[in-house]
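Below you'll find the structure I mean.
The first chain written gets the first letter, and so on, giving A, B, C and D; residue counts start at 1 in each chain.
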Amino acid sequence: MEPIRVGVLGARGKMGSEAVRALGEAADTELVTEINREDSLRGLSEAGVQVAVDLTHPDSVMDNLAFCVEHGIHAVVGTSGVGTEELSRIQGWLGEQPRIGVLVVPNFAIGAVLAMKFSEIAARYFDSAEIVESHHPRKADAPSGTAARTARMISQARAEAELGPMPDATTRDPGGARGAEIDDVHVHAVRMTGLVAHQEVLFGTEGETLTVRHDSYDRRSFMPGLLLAVREVGRREGVTVGLDPLLGL
Amino acid sequence: MEPIRVGVLGARGKMGSEAVRALGEAADTELVTEINREDSLRGLSEAGVQVAVDLTHPDSVMDNLAFCVEHGIHAVVGTSGVGTEELSRIQGWLGEQPRIGVLVVPNFAIGAVLAMKFSEIAARYFDSAEIVESHHPRKADAPSGTAARTARMISQARAEAELGPMPDATTRDPGGARGAEIDDVHVHAVRMTGLVAHQEVLFGTEGETLTVRHDSYDRRSFMPGLLLAVREVGRREGVTVGLDPLLGL
Amino acid sequence: MEPIRVGVLGARGKMGSEAVRALGEAADTELVTEINREDSLRGLSEAGVQVAVDLTHPDSVMDNLAFCVEHGIHAVVGTSGVGTEELSRIQGWLGEQPRIGVLVVPNFAIGAVLAMKFSEIAARYFDSAEIVESHHPRKADAPSGTAARTARMISQARAEAELGPMPDATTRDPGGARGAEIDDVHVHAVRMTGLVAHQEVLFGTEGETLTVRHDSYDRRSFMPGLLLAVREVGRREGVTVGLDPLLGL
Amino acid sequence: MEPIRVGVLGARGKMGSEAVRALGEAADTELVTEINREDSLRGLSEAGVQVAVDLTHPDSVMDNLAFCVEHGIHAVVGTSGVGTEELSRIQGWLGEQPRIGVLVVPNFAIGAVLAMKFSEIAARYFDSAEIVESHHPRKADAPSGTAARTARMISQARAEAELGPMPDATTRDPGGARGAEIDDVHVHAVRMTGLVAHQEVLFGTEGETLTVRHDSYDRRSFMPGLLLAVREVGRREGVTVGLDPLLGL
């Protein structure tokens, strides 16, 4: 089988340079062009790119996508800033190009996507659920966005399963050791030199506990998900959000 | 809604007495009779039992099931010794009683069932997978049956995803520290005073790891799964094996 | 060697009945009398008790100790309510009986004592330290007393090593996910069905982390420490507090 | 206080370049010269070096040390290949230079040193002890040297405490899931993409477990130990092996 011809936009950025490396190493993809800020997008069509990977900036991503759709190039988008409004604009463009796939991926780490999905499934079967996320101490927000999203998914799954409130007899907690409550799920944030990005979702019922833990050490963890996206985007017409549907979840 | 009328066979055994307690406490079940070795099975029909829970012995379970099916009583089976041959005999009996459900459950611990299923799903996305199971030191077999089954499921999922062999440069391991290989998955067994039954399934790829851990402390951990089985068996005609289909997995 | 002749005060209580079992099973101790509320303390001297184990109540412990010291019986005290003032009263009594040992033990779990000591040692070598304690959901206080004590020991060890404040760039934590600060150490409390009593102390510096974890499942975990105390109290004249000195720490 | 004047031998190597960075950043050390293979050792004395850090090669380390001792320069040695015989040669040289300190450090990771020491202390109080070490899949040996050393220390501590054999009822283990036995301590080795170097030492007794876990992510984890060695070597005359005595252990 011919390798997929890929172009990377934002190839000099942190994610971009990892993507260049990973796409160069994979047997079934061929990196045919790298586009940086100063380059014309025409480089994509001139190089016969089949799949463009956008790892640029919220300011440029929509222009890049417009060009790709117009020129019949599938797109994988790792850039942030593609919200509900942007998604419907893209869907509009795709009316003219129904064969083209655009895959917008908020998180390329397959492990993180699976951990969140597993947490959502488990949530309905346990009396208790809490989250402990641990990160390097340079992080400004607590808890992490992933932990907050996971808490909301757990809370919704519990509500759908008509579970009552979690048992908790705490009557004295002067310092707030029970952490943040996000939609009734307690979330704890550890900040520590030596750590990178970690999350533990704990579930408990009578006599047993279940723990789903994800440890992310560096940007390379995004590459298997990025390669999966590049391989699959051509088989999915229209707009897809997240890796979940590609993982059969 | 009327509570489900339940009878427990083997009510004085370890699992049986836990089941009696749990069914008595639940709001939507009513324990209407307990049947022990010396009691006639007619006690089930006399008490108007809708769901029988068999927690007896491989020698008696098939007679018990024959009685239940004949008398239109749904059955949840936690007794071991119901293999392929027994399942097809039961299916034969159910030809006469198509409305009756028989649910055979090798493992009532919902956490264990979920952990195994999650491991099967994750297996196809990671370069490496290993299992560390830890039990009390009175256990005769290593590794545990659950660990061996999980290893086989992981191996099969990897094969279906056409993953190659796991990376492993070990050239010197005189004492066998790399553990047992079950279908190419390395399995490690810890035996330790103070522990009960624990399993950790580890997955790794570039820059990230995913861990699914299940800790089981006592027989009460089987009760949420047993209650789920009692609630659902009446809605599932025919023979069902395992909690997985009830968990929507 | 002759077994040590032991009497248990409060033998019918939860701890007492465990102690009766453990002292009966050990080869080097002989349980010669059990004293309950209605029994006279003279039973101790009549039975030739060498070591008394007090597992009664704050209201009775001082009377019991007065009797023991007067009658030349060493005492191991697991009852709470022996504070600074009580300790100096006991020391006064021992002026008359310099050969007698009284060992007051706030926590018999050797694992917990070691975990706390290890945390104190490690504290001076790491940039960051945090505590995650996890308990059953019937607990009223958060964090646990052990976690609070551990935090204070870590904080003091850091001060003695002249470490500066821990790195933490958190600027946004609307819900309090960073937990309680006890003397500058962040402490997180998880409450969950299925858990008993667990504590994880995490240390981090550039490129490495160290974790000391203690899991306590039931009252039996106090018995090795209680037996150690019974064996050692006769060799330590005067008042000793805690198992630490017996552990060579 | 004047900063300590430090020279690094082997400054271009992996450890060397990390050391150059760390010594440059620390407030109380001044990196005054870097010596590489092509440079003369006289650079050390010409630069007024007080402490030399040898991170070279087993072939050159003894010549370097001879020079340092002769010229009154304290030495911290991170190079391997300094065994019993080499140590006594160094001790001979120091007869002429009694004020000089030579500190030979097999492992600069303070966390690893503490973890090993804690394991040795805990070993005497628990019925069971096992080790699970986990590394990247490019490692040739199983188990790791650190795991084997830890197992031997645990075994010796148990023998000194006159503990009997660990409880283990395993009668069937066809594939070797119980791992390697090193001096009666079971050791398990996990190899997995995404991991770096990790070790978990597990201890169990009735009703409780204690776990000491060390995670090492990169070479930077050696720098706090290296800085400690540089600061302390001048205060310790003669030969010292390992960081343990500097940590007050």
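Basically, a contact is a pair of C-beta atoms (placed from the backbone, for glycine too) under 8 Å apart; a residue touches a chain by one contact, two chains touch by 3 or more.
Predicted, not measured: the structure shown is a model, and the values here were computed from it.
Centroid distances from subunit A, each centroid being the mean of CA atoms, peak for C.
Note: centroid distance subunit A to subunit C, computed from Cα atoms, is 47 Å. Separation between the centroids of subunit C and subunit D, computed from CA atoms only, is 34 Å.
Annotation: 40 Å between the Cα-based centres of subunit A and subunit D. Chain contacts: subunit C has residues 126, 194, 205-209, 215, 217, 221 touching two or more partner chains. Arrangement of the chains shown, judged by which pairs touch: all-to-all, with no pair of chains left without contact.
Across the complex, subunit C meets subunit A through its residues 126-128, 130, 132, 134, 137-143, 147, 166-182, 186-195, 202, 204-209. Interface residues of subunit C, counted against subunit B in their complex, comprise 194, 196, 215, 217, 221. Listing the residues of subunit C that touch subunit D in their complex gives 109-112, 114-115, 118, 121-122, 125-126, 203, 205-224, 247-249.
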